[in-house]
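For reference, the structures are reproduced in the following blocks.
In what follows, subunit A forms one complex with subunit B and a second complex with subunit C.
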Partner chain A sequence: MQQDTVLVVGGGPAGLAAAANVNSAGYKAVVVEKEDVLGGAPILSGYAKLVPSGEWAKDAIGRMVKRVEDDANSTVHKGAKVEKLEGEAGNFTATLTNGESVQAGAVVLATGFTHFDSINKPEWGFGTYEDVLTTTQMEQMVASGKIACPSDGRVPERVCILLCVGSRDRQIGREWCSKICCTVSANLAMEIKEISPETDVFIYYMDIRTFGLYEDKFYWKSQEEFKTKFVKARIAEVTASGDGRLLVKGEDTLVKRPIVIPFDIVVHAIGMDPNADNPEISQVFGVGLEKHGFLERAEQYTNTCGTTRKGIYSCGAAYGPETIDDSIAQGAAAGGRAVADLHALVQKAG
Partner chain B sequence: MAIHEKALIEDERLQQHDELVVDGVDVSGHWNTMISPRTVRDYDDDFETKIQGFAGGENVHRCWQCGSCTNSCTMYAQNVQFNPRYWIYLTRLGMKEELVKDKDIIWQCVSCNKCTNICPKDVKPEGVMKALAHWMEEEGITEKAPSTHFDEEFADQIYKTGRIEDGKVMQNFFKKTGQPLVQEWLKVFIFRMMKHLPVKHLMAMGFNTIHTPRTKSWGKTGDVLKNYVREQKEAAHG
Partner chain C sequence: MATYAEMQQIFDDIRGDFRYDHELNGCLNCGICTATCPSAQFYDYSPREIVQLLWTENVEQIYDAMQEKIWACAQCMTCAARCPFKNSPGGLVAIMREVAIKHEMQSAKDVLRPFGRVMLKLITTGNQLSPDMIQPDHFPDWGPNIQKVEGDLRILRKAIPVKTLQTVETAWEVSLKTSVEMYTIWEMTGVLKSLELMDENLFDVIEDFIDEKREDYEDWLEEQEEEDDE
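Now for the complex of A and B:
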């Protein structure tokens, strides 16, 4: 009976939401996760407090994991990928890398994204200097409860966060805004200040895109209550000062002057790349990719959550940079959509 | 001289030798023109807090540089060098030297408060202009404003006697601000008063100018007051 089963590929926030919704409708969900744990990026990368709820990732996402794992209608395959998919909408057979075979009527691709690898912007010092970090590393530092320079453990006088690392950059073929880094960075600045009040935090930006209700809750709050300084400059390079600090060079576009400012820690607000596995996913599932390399959407208005192949749905950051909350909402929608289409198929068959 | 963006070069950064020969080659005049760099090498992290200690500067940290203040500014319409948005930015990052370059125009704010009304972040740019002007006065970067002289004279008399003598306030104010002691309007003022022959009043005024009586049981009130004002000022400005 494959028509009562939905195969969910990816066990992050979107996939977990999809599986839970499939279960709620009385259908079976089979979750296939390539890593050994469920939870996706927030868990795998050790995010600290989530935007915008402020809840610790392990608590919030942990509840989502538990909900799926505890459901008798869910089957979870960890450390496995889908190797082959045969059949058509209503009648798919997937072969997994762990040797198992799954029969499902629909597939939800909740395959998410890959963090930008800062090594690809060598001029900003990541991989060269110990005190240049990424936002995910800084999240981990915040989660550990202590702010210190990795090089020698001193408390930083000054930290700067560089926005748009791996986003909005034609030089490296990233012609998209990763949507959430501004808000995450504004939030991170507050978390740093909370743990280490003597540290001043600067954010170097081209534009601030704390959309919707993130405006006052994150951008304004960070600036007004936590004294984060926002400086309009796209940084040219990060070098060593010779006395153990880092020099951040660029042009302050608002005063039209070159700047070379000493910092103790430089954080890259890394963007969201298409999942590095997307070419493989595209081939295995027979779905198209859009021009940036994310999954291509079906016609949006009447085929929401669709891909270019019937019976295969998608959601969250697989489609493009997405927030955790919206990924969850889209995952729930995709799960619901898959179940609804299966229901219609069974009705039609009579 | 082939220099582009001349607007960005202050005169003091232009270096040129009238007579210069290098390795036997005559490079006198504009051939040896050098421009010293205008790179910002550090921020003064405490300056913003300092300005926030002056009345009006409290909200300067809220600014996000939209430029609404400059756009709406009465003075900017007269002189594009008058740029509140820019000065607020310099204040935020602590670029004091840049601010001081504009010391002769910052005080020109006419307090029309169009900026205050338009500012989306409630920075109160007009207040920041006042705070900056006061900071410059306090640091001796600009001369004391006439109003500051007046305030000081007024307060000094209060500390001493618990009251002010109009004539004495005016006299000392004129002295401190280098104005003639006898002014046309004052002559008219006194002449008109004389017409009514307020003998008693004039006598009291004359008497008080010489004797400057104190308020009854003023005692040490003046000292206490003076200390309190000093403490408050120190608490605010450090």
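Now for the complex of A and C:
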């Protein structure tokens, strides 16, 4: 009975929302997640408090995981991928890497993104200096409740966050904005200050994209209540000073002169790359990729949840940089659309 | 001071260069180019400013920048390697300099005058620089180290094991054929025309020299043919 089952690939916020919506319509969901835990990036990378709710990731996403795991109509395969997909819309058979096979009428690809690897931007010091971190590492430090320099454990006097690391940069073939990192960074600055009041946080930006309701809640609040300093400059290089601090070199574009400023910790606000698995996913599922390497949408307005192949849907960060909230909304929509199309198929056949 | 129409013409010439659209895609105003630019560390010069002036078509300020600022660029192209938008501020400066020459701007003449010596050497010997040009009064920036090249250059050069490096008036020898080919390249690419605009006296000297060399070359070719006929 594949026509009452939807195969959901990827157990992040988008996939969990898709599975839950499939279940709520009375259909069965089979979730295939390649890692050993569900929850996607917020859980796998140990995010601290989420934007915009302020809830801890493990609580918020944990509720989504529990909802799916507790549903009798959901089956979860962890540590597995889809190796082969045969059939067509209404009648797919997927072979998993764990040897099992799944019959499903529709497939939702909720395979998300891959964090940008800062090693690809060597002039910004990641991998060279211990006190250069990524936002995911800094989130983990915040979650641990103690702000300290990894090199020697001292409490940092000055921390800076460099925005757009691995985004908006033709030199490394990343021509997109990752959408959420401005807000995440403004939030992170507040979290750092909250735990370590003696630490000053500076954010180096090209543009601030705290879109919609994030403007006052994050950009303004971070300045007004937490004294975060926003400097309009993109950094050219991070080097070390003789005394164990980091030197950050940029242009203060408002004052129009090159500047070199010492910091104790430099944080890269890393962007969202297309899932490194996408070429494989494109092959296995027979779906197209758009020019940046994310999954291609079937049609922007009338088939927003579709891919280039009938019966295969997508959602969330698999389509491009996306927030958790929108990934969830898209996941729910994709699950709903898959169920609706299956329902129509059965009606027609009946 | 130029009229607005003249300044507009200068900008049109810059914008009309076939490289222009390749070097300038827009600008994110991020400042990476200026932060990474060696000249910006020492001079009142900023590649981002140059890019912004061009992108916003500020013809008066572009003209102003061509009086002094554009000559501060070292043409190292670090900016081009770093710009996240893949602009080439250094490449734009190169275009602006060529247009400054075309318009016979005084700033170009002032900056290029000291290079006359190099130009002459290049045309007459095919080398930009030779040991006998390295004299203490021409290289104050070398500091006391310049003393080391004083003395008998011929003997100093002998110490270099590579055979071609033992002359004093040239760095190496350039054949007549190569020289004549170089003249044709300079002629066709407009280098000699630029030289004429910048320094007419030097151009006359060089032109005579080139004519002479070309005649030498023709004679040599004839000799070859005669030898072949025998």
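Assume the second predicted complex is superposed on the first by the 350 of 350 C-alpha atoms of A that agree within 3 Å, B and C clash if a C-alpha of one lies under 4 Å from a C-alpha of the other, contacts with A are read in each partner's own complex, and residues count from 1 in each chain.
By our rule, a residue touches a chain if its C-beta (ideal position, glycine included) is under 8 Å from a C-beta of that chain, and two chains touch if they have at least 3 such contacts.
Just so it is clear, the structure is predicted and the values come from calculations on it, not from any experiment.
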Partner chain in contact with A:236 - subunit B first, subunit C second, else both or neither: second
Subunit B versus subunit C as contact partner of A:37, first or second or both or neither: neither
First, second, both or neither for A:206, with subunit B first and subunit C second: second
Touching partner for A:227 - first (subunit B), second (subunit C), both, neither: first
Partner chain(s) touched by A:169 [first = subunit B, second = subunit C, both, neither]: second
Partner chain(s) touched by A:256 [first = subunit B, second = subunit C, both, neither]: both
Those residues of subunit A which subunit B touches in one complex and subunit C touches in the other: 232, 252, 256-259
Subunit B-facing residues of subunit A, complex: 158, 200, 208, 220, 223-224, 227, 229-232, 252, 254-262
Footprint of subunit C on subunit A - complex, ascending: 123, 164, 168-171, 206-207, 232-237, 249-253, 256-259
Contacting residues of subunit C [partner subunit A, same complex]: 28-37, 40-41, 46, 48-49, 81-86
List of subunit B residues in touch with subunit A within their complex: 8, 37-43, 45, 61-62, 64-65, 86, 89-90, 92-93, 95, 98, 121
